[in-house]
Every structure is written in structure tokens, then in C-alpha cells.
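Here is the structure we will look at, set down as C-alpha cells.
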Amino acid sequence: MIVDCAHYKQGKRQNEEPLELGRAAQLARASGEGEFVWIGLHQPEPGDLALLAEQFGLHELAVEDAERRHQRPKIEDYDDSYFIVLRTGHYHEREETVHFGEIHIFIGPGYVITVRHGPGSELASARSRLEARPDLLALGPGAAVWAIVDKVVDDYFPVVEGIEDDIEEVEADVFADDRPAPTERIYHLKREVIEFHRAVWPLLKPLEALEAGAFVRVHDELRRFFRDVHDHARRIDEQVNTQRELLTSILEANLALVSVSQNEIVKKISAIAAIIAAPTLIASVYGMNFEYMPELDERAGYPLALTAMAAFVLALALFFRRIRWL
Amino acid sequence: MIVDCAHYKQGKRQNEEPLELGRAAQLARASGEGEFVWIGLHQPEPGDLALLAEQFGLHELAVEDAERRHQRPKIEDYDDSYFIVLRTGHYHEREETVHFGEIHIFIGPGYVITVRHGPGSELASARSRLEARPDLLALGPGAAVWAIVDKVVDDYFPVVEGIEDDIEEVEADVFADDRPAPTERIYHLKREVIEFHRAVWPLLKPLEALEAGAFVRVHDELRRFFRDVHDHARRIDEQVNTQRELLTSILEANLALVSVSQNEIVKKISAIAAIIAAPTLIASVYGMNFEYMPELDERAGYPLALTAMAAFVLALALFFRRIRWL
Amino acid sequence: MIVDCAHYKQGKRQNEEPLELGRAAQLARASGEGEFVWIGLHQPEPGDLALLAEQFGLHELAVEDAERRHQRPKIEDYDDSYFIVLRTGHYHEREETVHFGEIHIFIGPGYVITVRHGPGSELASARSRLEARPDLLALGPGAAVWAIVDKVVDDYFPVVEGIEDDIEEVEADVFADDRPAPTERIYHLKREVIEFHRAVWPLLKPLEALEAGAFVRVHDELRRFFRDVHDHARRIDEQVNTQRELLTSILEANLALVSVSQNEIVKKISAIAAIIAAPTLIASVYGMNFEYMPELDERAGYPLALTAMAAFVLALALFFRRIRWL
Amino acid sequence: MIVDCAHYKQGKRQNEEPLELGRAAQLARASGEGEFVWIGLHQPEPGDLALLAEQFGLHELAVEDAERRHQRPKIEDYDDSYFIVLRTGHYHEREETVHFGEIHIFIGPGYVITVRHGPGSELASARSRLEARPDLLALGPGAAVWAIVDKVVDDYFPVVEGIEDDIEEVEADVFADDRPAPTERIYHLKREVIEFHRAVWPLLKPLEALEAGAFVRVHDELRRFFRDVHDHARRIDEQVNTQRELLTSILEANLALVSVSQNEIVKKISAIAAIIAAPTLIASVYGMNFEYMPELDERAGYPLALTAMAAFVLALALFFRRIRWL
Amino acid sequence: MIVDCAHYKQGKRQNEEPLELGRAAQLARASGEGEFVWIGLHQPEPGDLALLAEQFGLHELAVEDAERRHQRPKIEDYDDSYFIVLRTGHYHEREETVHFGEIHIFIGPGYVITVRHGPGSELASARSRLEARPDLLALGPGAAVWAIVDKVVDDYFPVVEGIEDDIEEVEADVFADDRPAPTERIYHLKREVIEFHRAVWPLLKPLEALEAGAFVRVHDELRRFFRDVHDHARRIDEQVNTQRELLTSILEANLALVSVSQNEIVKKISAIAAIIAAPTLIASVYGMNFEYMPELDERAGYPLALTAMAAFVLALALFFRRIRWL
């Protein structure tokens, strides 16, 4: 589905309503310095990409990639054009899961084509933000790439913060005495962090190349803006690595605490067992059938025995409390 | 065994039936730009390779390697020719084991010789896929190398997905209360992942060299196709690394859960022990042989004692249920 | 809030009282070699930075970063100026927490603007230390950068030492028999160390660039001084890495000791259980109701039985003490 | 002890019997292209090396190293000569230990001197293999170096395979129910693997240099042969790394299984305890001394009580079997 | 304290008694090729360094570093001079602790100044060893640096060997049945190894630079000697890394063995409990007060009951011994 198709010239959008594709291709071919069309697709039909490939002369390998999801983030250079893959991230708070979408970008002389797959970052806000900056818009298709990458990376921040919050909850759970060990949740969070790292990390190298000016079709003025995005992406990546390391440590601390809590339980049990065993022994003694057991004939024998039992129980209970086994 | 032997010229197969070896060598020697013979062998007899070495002037070290299996994936440059080793992977779902095969490729002026060892990727489909692309076929022997490497790497995807599925099953097992800890299966999967990584990882560097155009006999037009393969191989490798890390975490989570489950057992046992010990103590008390134990002479003594026991048992059972030990 | 604003020329401060901003900008524009103004801000109001940006022509991306906290440490080159982000660290001994602040520095021809966020390193001491060194002051704005970075890095040392002290306390706790396992504290310290590493580590690369003379506006004479700071930062970083590794080992040792202590407890309990079970068995034997049990009729039976019980208890206690279970 | 001393010229050995040292030095000094003497020593006396150093002008630092064992594998360039250190490996199957030896090689214009220390790779087979290849022999002293390094690296394969076999045995042990946890053996194997890695790993870099042609005295024709050795060494190294990782995972799996087996034991014990405690409780009840306990006077009381006990025991046993605690 | 001060010229010491400082500075200034003074200080007073700085024109940052201990090993280049920091190591066998000292070296045209802090490597032996080598001494101040670094690195070997010995003792302890788990000692050793690594590792890079000839004031003839030291330092570093890895594995093996030993204990306890519970049950049965219990009236009842108990105990004991729980 084609979402929007606009023609930009001298930093201004030239058409209100989406252009027709053939017209857009014509404008792209005839475009001058800093002039371009931006075509936005969302989950395209099989035919859509074929049509675009024909109109704009996209490379078959790039089109093949754009048809399927689950590509790695990358920037590929095809002489006269680039193909860019980005993974968008959205944190689903309740499920504690990162949902991934994908954005594929074709950029060539006079055109930018964006293909969105799955949920995640809509691009309308990136487009309108860029349209509010005629100075950048006038720098050509590279500016659109910057606007999109900037949006995608900015959308990583809520993901990292969502995970951070959940890690703090998990920490509280682990060290709280009265809550069960959240092993499954820790593992689940770690899985999400690892997956998220795989979406962010491959982006760093292409962003570094963009910052270094390795892509000639991207205007030099934009390098600082890509440096800014690169800096944000590295911040995300460092935080993700920290979270991964923290979760590993939490898993270990959790294991130690499970063992500590087992010690506590074993102590408690053995204290109780000892407390019950002592009066039982006394009772067994006076249950013996010897002829001559003077205590048995004493009137006070029975109450004294009961008192002795109670005294033992109390003494043991106090003792185990003092050594903190109870 | 020679499986197929074809002569390609100007992007078209020249012969229907497999050529005779001597004729193929002749054609190879006389081949022009973009013309070559492709000889396919499967588990060759000792004599086969010697014959080929003589006819095509293969280097002794390359032939020595091709005779034996268990080579590392690599691309070796012998001035006028290359020797390539690939490891094919096939996931045996039921055994949860990756089966490895090997493909050795000799590529020189006017010829491509492929030697398959063990099970795994047949090459007929790679050949017919290539024959359907005269434009690539016309680029010479390098196109055949691309078709083969592309096939081998594409065949890695089902392996990674098979392992992914098994990891998800193992995760479910680990966190299910009523299934035993699948330690052996986790370990076994990790072993397969490590082995598989060893098959994929050494391929990345030669593929990078192919992408960068380090091998002069490979036509420049093909570099993008090798970049595509390289991208796929890196995707595989990143996923394999993720799986390795996940399995390490699962092993740790599994350990924590085994300890947690031990805590549960110990709690249950101690609850049961306490529940039995209490009435036993009461019974022991009334088993004492004191002369003056007024309760013993009461008619209601016995039923009251039994009631007391039952009450204790019930109270304790409720208590332990409330603190969730039972 | 503007904290101080001074004009430096030929190695000397030219004004006692803080300058007015407009005047400062004027002086900066007209500044000669080694002459500059240094404006210090602390938690600026939104308007402050906008005003400065206008007066000194600061780049929009740098200003955007300076408005928000939680930037990564970095040095960014904007043709005619640099933007530097530093994270300051302060160890709160009682909470065992590292408190982070941030310092943002704009440096351009004839000016240095420092923006402090949050708690941490005041800069007055860095300023007065620099004012005491006319030789360095005369080298221009780079000298101010050195003074600030040097102060920030020097302030890392008490953090590392504070953590070191706490690690030693934790070690003592772990290996002391009579103190509970400090799992939470170990984890907490590790978290702080990881966070602190994230503040220090990204600084190393820019400092290396300063040492290597990659920033042309920094006088060559200062390179040695930056090398000195770089050396200190690396020392910090190596120590932080060591602490991280130590804390991982402590967590593991802690886990082993928890298990060892469980063994001790289980041994103790079983010894006590055996000690009580033995006399209970004897008592049960003499509680049997057989007609012909000769011992029962013996006058000495009862005292002998009691003696036997006591002897058993003693023997068992001695035995368990010898095998160190008690 | 001098083992052999031969003069090679135009690809052929010139003498049957070992040459006298002085004569060998003379021949070396007068040697032309591709002509050299090869002197083989085994555990030399102190004087032997001094004599050789004098005759062949060996560098004092190289001689110092050659006198002592426990050197790291390396290739050192001394203008007119090289000094090479190799570590040989031999797997002692019964002890599951890798035995290390050392080979030191001096190579200069017209001579190769090999010094063997400790057990391990004899070099006679390397020498005779080389003598069977006049084409390589004619390439000068570098060919001898190749023959030796090739032999040393080939001798690593049985070591890796021996360890592989033992790892498979250990895996079987770990996952077998009825065999004790082989912790010590796992640790021991890991130690051997780590030590072996230290012998192989430092060799990779010098072999890469040989492959790249960094050593001018080694004939270019030999570079492919060194590439072959390098490839083998890397294969060994990758396998050793895999083994190290596997052993780490086995140690972890082993730990998990020890805990699982403890759970099994604890379950079994508690089942048995419950099974015994139930009839004991019944017996205690009928051991109470109440006047009015109607069951006691019943003729069928006793057999019924016994039956009740047996029924309880049976019911509990069946129950515990069903929940798999027994 | 100035320990020694000598003037070297043409490979020979010129003075027997230590020179006076002023005279030494004079000689240094007037020194020709290969001529220099070597001043050795041990734990200098504050004034000593100031005096030297003035006389020899030492850089303020280097002097600042030399006044304080706890520097990282490094080589700093100050145009006309170098400043070198080395950490010496000495293993205290009884405490199992590495004691660190520091040596700071100033080297410039015509002078070498060595400053020793704390315990560790005296330098007299390095000096006399160098004085015995006129050929090296004649190469100028660099020769003194070599002599010192060589001494420092050679003194690392006993440290590594001492730790190696203790690791072997610890291994024996871990796997011995009758000795307690040496967790604290393992941790302590690992701490020392980590600390020691921090002293050795930063030295590798400067030594590599010395070997590569990056420091112009060091005579080219000495590069081989620095290569030799570099090789030794790398050997140390590789061994230290191996030890670190071994200690990590020992800690893990130790943990597994603690768990295994707990299993053994739990088995033993449960066997004993079962052995005692069985006769207790029998006794309880015959303690029941049923009217009609035929066995009670049998004369042989009591001895038979006792025999049954003994038989049960024996049978259970044999059974538990056979399944190796006892």
C-alpha cells in the first residue's frame, strides 16, 4: 500500500495530495540538485515492488531483500543507489516483549522509497519533522534518510527504558524475602535484551560510515546529523550491553539467594524436629515397663514430666531463636 | 563418481549429456572469456582426483585436501586457480543433530570442478538455477562458485530454524513445573550450535574477500551477489551466536530452577514430618506408665486424645498450606 | 545560572567580577592568540543556552545535547568549535552508590563555555588551579579544557577507592563464618561498578585523540598534559575492570560458601537427630509389653537403661565431634 | 647429542654418514643457492651449542633460549638468520595428559640446526619425507623448516582426537544415571586443553607471517606449503577452542545434574521416612494407656492394627511411586 | 636516598665511588655518543627529585608521577627524554600474596635516573650485569633501560612459579575427599593473579614499541634485546592468563564437588535414619496394649523381637552399603 508520495524541491513539498507513481518516477529522473520524490509504502503487495523496481531501476538483489522480512540492519551501496535496512523496536510493557518491525529504504538520484513491514515506527512524524526544516530538506534524499534513521533510533529509547524499569522490578523481587525467585522473568528479559541487541548493534557500523562520509550521495552537511544519530545508537548499545551484564549478574545472585533461602528452611525444619523429638524422648522413657521406676508411682510424676517436656520445648525454642535458626 | 560435466558458453549449456573428461579438459584449455566447463563429482574414487589433477593441472596441496574430509571452510589462491572448501549443514530434526557434508571447489581458467563429500546439499538445483540466468552464466566460472556458495548458505537457514524451534521447546520444558529438567538436551543443543558455528564462522572472512573483489578471476559484476551471500552468512552467524548465548542462559536458569524445586520439596517434606510428629508425641505422652494420670481413667480420654491428634494434624496442615509449604 | 565569566589574556585573568554576557561575546570575537573568555553555567535555564548559542554561534545539535542530561562522554568536532561531554562521579559512602553529574563544554575561537548538570565536580578549583599557571593559561581555551578534564578524572579516584574499600569489606563478610552471605551487597556493588565503567570507558578514546593531537584548536604544548590525564583515566578504567572481575569471583565464591555452609548445617542436624534417635530406640524397646522381659523385673533395670541411654548419647556426641559434624 | 648431519645440494643428500661438525660449517659457508647442511641435535650438552654458536655465528640471545626449555613458540629474525621455537605435543592416553616437547631451529645461509628437547616429535621422518622431494629440497633451508613445522603440526591431530574421545567419554559419564559425577576428570581435561591451546595458539601468527612471505630467506615457492600448515594449525586451534567451550558447558551441566540427583535422593528419603512414620504413629496410638480403649479388648484388634499398618505402608508406597518420588 | 651514581664511557665505569650530583649533571650535559651517568635513588625524599629535575631539566609531569606510587607501567616520550614506569613483583610464599614495588626511570641525553619505590627488585645486580658487558654499555643510556627492564621481567618468573605451585596445592585440596573445600584460598589466589596481570599486561605494548624501534634514543642494536624481554613478558602474561582461567575452573569444580559431597552426606544421613527407624517401629508394635497379642506371652517373644530388630538393622546396613549410600 502506498502511504504517501511527495515531491520536494528547494526545501519545500511541491504537492499536497500523494503523487501518482509514474509521475513521481518522471520527476525523479528529471530532478536537479537537492530535489527528490519520497514514496512511502506500508506492507506492499508483491506487485508494488516490481512496479517500483521497473520505474526506478532498483537492483534485483535489493528488491528481493525488500520483499522478505527478517533482514539484518545494513546499508548496501549499488553504484547509483543505496539500499538500507533498519529494524524498529517497540516495547510491549505488559508482555515484557520487544516487538520488531522493519523499514527498508531505497535511495537513489532524485528518489527515496521507504517500505515498512510489521508494526513499529510510523514515518509520518519523521516526514513532517523534516518538512519543517527546509534547510535540511534542500540537501536532497540523504536528508530523508537522516529523518528516518533518527526516528528509528529515537524510538529505541523507550524500549531501553522499559527494560530498565523491568530490571529494577526484578531486582526488587530477587532481594525481597517474601517473594518467590523470578527466574523465568529474568531469563525472559535477558532473551529480549539479546534480541534487541541484535537489532541495534549491526547498525553502528553503517552509521559510522555515514558519519565518516563514506556514502557520496549523502550531503556533507548531513554528516554531523548522522554523527548525532550514531552517538544515540551507541548510547543505546552501551546501555543494552550493561543490561545484559546486569541480568547475568541477577541470575547468579538469584541462584545464590535460592541457596541461602534453602539454608534458612533447613535450619527451621531441623529446629522444629529437635523441639518435637526432645519431649517424645521423655515420654518414651516413662513409657518403659520397668518394675522399679520410682517416678511412676509418685503422684507428682505425671505433671512434673509434662512440665519437663514443656520446659525442654521452651528452652530449645529460645535457643534456636537465639542462634537464628527459627 | 562423476555426476555431471557440462560446457557453458555465452550463457548457455552446450551439451545435454555429460561430457567425457578428456574432452572437457580440452574445452577448458581452449575456453574464451566467460566460457567454462563444470564437472561435478560425488564422493570420488582415489583415481578420479588424480586424473583430474593431471588433466587440469591442479595443485598437489589442493588435491591432497580434496581427498580427505574435515577441512576448514576456506578459499585458497593458487595463482592461476582457486581452491574452495565449504561445509554443508543439514538438521536432523528427530536426533536434534546437525549433519555436516563438504563441498570442495577447484576453479581455474575455463573450468569449475566440484567435489561433494558425505550427505548434504546436492548441487543439481544450484546448477539448474544458474542455467536459468544466462546473464550470470556468461560471467564465467565465478558465477558457478556464487551459485554453489549461495545454495550452501541458503541451506543453513533451515538448520538455524530447526535449532530455534528446539530451543523454544527446551525453554518451555525448563519453566514447566511438571516436567523434569532437560539438562542433557540443553547441553546437546549447545554442542550442536558450537559445532555449527565452527562450520559457518570461518566462511565469513573469505566471503568478505569475495565481496571486496580480492579474487581477480571472479567477475566484478558478481561482487554484489557475493555481498548478498555474505550478508546471509552473517545473519546466520549472528543468530547462531545468539542461540549459543541463550543456551548458556537456559543452562543457568535451569540450575536455579532445580534449586528452587529442591526448596519446594524440602518444605513439603518437613511439613509432612511435622504433621506426623505432633500426634506421635501426644500418643507417646499417654503411653507413659505413671500411676496417677487422671486422663487415663476418664471414659472420654481415648476419644478426646484421638480428637486432639486429628485437630493438631488439621491445624498443622492448614498452617503449612497457608505459608505455602504444602 | 551563570556562575562565573572571566576574560583571560596573556596568561592572566583580566576581570575580578563576572563579565556581562554580551561583553564576553564581543571579547571572544576580537580575541587574539591565547586569549579567551570562560563562561561557567550551573543547571542553566532554557533561555540561557539559547542566548549563548546566539551570541557564540553554537551548533544546534550541540546545544540540543547540552539541554538534556544523560549524554555519553564524547568530544565532537564542529569545524570551528568542539563540544565535549564529561560525566562526573561522586561516591556516596553510606549508600554505596556512585552519583553522576555531567559537564558539557563548548570550546571555540576565543571562548570556553562550561555547563554543569546535577551534583558532582564543582569547577571553581579547576579554574583557580589554572589561573595559578599563567604559562598554560596563555595556551588558549584548550588549557581550560585540560583543567576541567583533569579535575573530573582526578575526582574519579576517590570513587574507585571507595568501591575498593567496600569490596574489601564484602570479602571479609563472605569469608567470615558468623556473618550472613552479603549477596545483595555484592550485586549492588557490581551494578555501581558497571555503571561507573560506562561513565569512564567512552572517555578513553577522545582522550587518546587529544593526546595524539587530533584536535587542531588544542595547543601542541598541551598534548603531554592530556597524555597525563589519559594515563590517569586508563588507570581508573583498568582498576574498574579489575573490580568488576573481582566482584564476579566474589559472587561465585559466595555461592560456593553458601553451599558449604549448607553442608555444615545438614551435618549438624543429622548428628543431633541420630543422638536423639538412639535413646528413643532404647526406650521403645523397654516399652514393649512382652511377658518375659527379664530386665524389666531387675531393680537396677531402670537406672541401667538410663545410663545406657546417656552413654549412647555421649558416645555419639563424641563421635560426631571427631568427624567434625558437630 | 648430534643425531644427524647431512649436506644437501641440488635436491639431493650428499653424504650417507653424518658429517663432522667443522666440515659442515665449512660447507655451509661455501654453500650456493639451494644448498645447505642440516644438523640435528637431541638434548644437547652445554658444550654442543657453544661449539655450534662459534662455528655458525649464532646470536647469543638465540643460543641462550635454545639452552633452556619452556620457551613460547615463536620465530625471531636475526638479520642473517632466524630462530624458531616449536612445542611438540603427544597425548598420553592412559594419563589423559598432553606431554610437551620442544624443537628449536636455527636457520641461516647454508645451514639448518634443529635442537630437540624432551619427548615428542622425532624428526627423522620429517627428514626422510623431505629427502623424497628433491623439488622442495632444492629450495634451500626453508624447505627443512617447512618439513619440521608440518610434522609438528600434523602430530597435533592425534592429541586433539585423543582429547575429543575423552570428552565423549566424559559426556556419557555425566549423563549416565548410575555413574558418579566425573568432576575431577572434566577439570583435568580442561586443564590439558588450556595448556595445549597455549602451545598451539602463539604459532598462528608466525605461520601467518611465513605464509605472507615476511621472511626473505624462505623461498616464495614454499609459501603455499606454509599456508597449508597454517590452515592445519588454525583447524587445530579452532577445535581446541571448541573443546574448551564444551568442557565449560559440561562442567555446568554436571553441576545441574548433581543438583537434580540430590532432588531425587531427597524425594526418596522423604518417601521412606513417611512410609515408616505412619505405622509408627498407629502403634503409638495403641500403646496409650487409657482405661477405656475398646479396640484393645477386641480379639481381632491386634491383627487388624497390623493390617492397617501394612495397608498404610502399601498405600503410601504406591502413592510415592505414582508421583515418582520412589 | 641516592644509592649509586656512576659515569660510563666507552663501555666502562669511570668512577669507583658514587659521584656527586652536580658533577654528574655536568658530565651528562657534556656527554658524547654512548657516554652517560646512571643515578640510582631509593625512596627519595621530596627534595631529591626537585634537585634532579632542576639539574637535568626533567619534565614537571614526569616528576609529579615519580613522586607518587601506584602508577601504571608505561613509557612516555618527552621529546628529549623518556619517562618509564615499571612495577616489580615479589611473591610472598607464606602469605600467598604478590608484593609490588615500583621503578621509575628518567632517561635523557647522557643520563639515566632510576627511582625505586617500596620493596622488590634491587637494581645493583642489573647494574653489575651491565658493567660486565662493555659492548652493550657502550650503546648508551638505552642499555641501562634494557638491563633494568630485563631484571624486572626476570623477577616475574618466580612469582608465576610460586602461584603455579599454590594452584597445584589447591587442586589437590579440591579433589581430596578428606579436606574441606578451599574456597577462600582459591578466591585469594585469583585476586593475586588478577592484580599481577594488571602489573604485567600494560608493559607489553611499550615493550613492543621498544622492539619495533619507536624510541629513537634507544640504540638499534638493543632492539633484539628488548625483543627478548618482550618475549619473556608475553610468556609471563600468557601464563598468568592461563592461571586466571584455571582458577575460574577450579572455583566451578569446587562448587560442583561441594554439591556432590552434600549428596553423599544426605545419603548417609538418610541411611542411618532408616536403620534406626525400622527397629523403633518393631518396638512400637510390641508396645501396643492389645489384650490378645499372642507373641507377648511367648517366652521367646522378647529375644525373637530383639533378634528381628538386629536382623533388620543388619539387612538395612548391608543394603545401604551395597547401593553406596553408606
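Should a chain be cited, it is by its letter among A, B, C, D and E, assigned in written order, with residues numbered from 1 in that chain.
Keep in mind that, in the parts below, contacts are C-beta pairs under 8 Å (C-beta built on N, C-alpha and C of every residue); 3 or more make two chains touch, one makes a residue touch a chain.
The model shown is predicted, which means the values in this text are computed figures rather than measured ones.
S.K.: Show which chains lie in contact with chain A and also with chain D.
M.R.: Touching chain A as well as chain D, we find B.
S.K.: Ignoring chain B, partition the remaining chains into groups joined by touching, separated by vertical bars.
M.R.: Chain B out, touching clusters collapse to one piece.
S.K.: Could you check if the interface between copies chain A and chain B is built from the same residues on both sides, meaning over half shared, or from different ones?
M.R.: Homomeric contact, different residues on each side for the most part.
S.K.: Any idea how many Å lie between the Cα centroids of chain B and chain E?
M.R.: Computed value for the inter-centroid distance: 41 Å.
S.K.: Using CA atom averages as chain centres, what separation in Å is found between chain C and chain E?
M.R.: 25
S.K.: Give the residues of chain C touching no fewer than two other chains, as numbers and ranges.
M.R.: In chain C, the residues touching two or more other chains are 252, 255, 259, 262, 266, 273, 277, 280, 284, 287-289, 293.
S.K.: Pick one for the touching-chains graph, please: line, ring, star, complete, other.
M.R.: Its topology is that of a ring.
S.K.: State the ordered list of ring chains, commencing at chain B and continuing via chain D.
M.R.: Ring order, starting at chain B and heading to chain D first: B, D, E, C, A.
S.K.: Of all residues in chain B, which touch chain A in the complex?
M.R.: Touch list, chain B to chain A: 171, 175, 224-225, 227-228, 231, 234-235, 238-239, 242, 245-246, 249-250, 252-253, 255-257, 259-260, 262-263, 266-267, 270, 273-274, 277-278, 280-281, 284-285, 287-293.
S.K.: Which positions of chain B touch chain D when the two form their complex?
M.R.: 59, 61, 65, 71-72, 74, 76, 78, 180-181, 183-184, 186-187, 190-191, 194-195, 198, 202, 248, 251-252, 254-255, 258-259, 261-262, 265-266, 268-269, 272-273, 276-277, 279-280, 283-284, 286-289, 293, 295-299, 301-302, 305-306, 309
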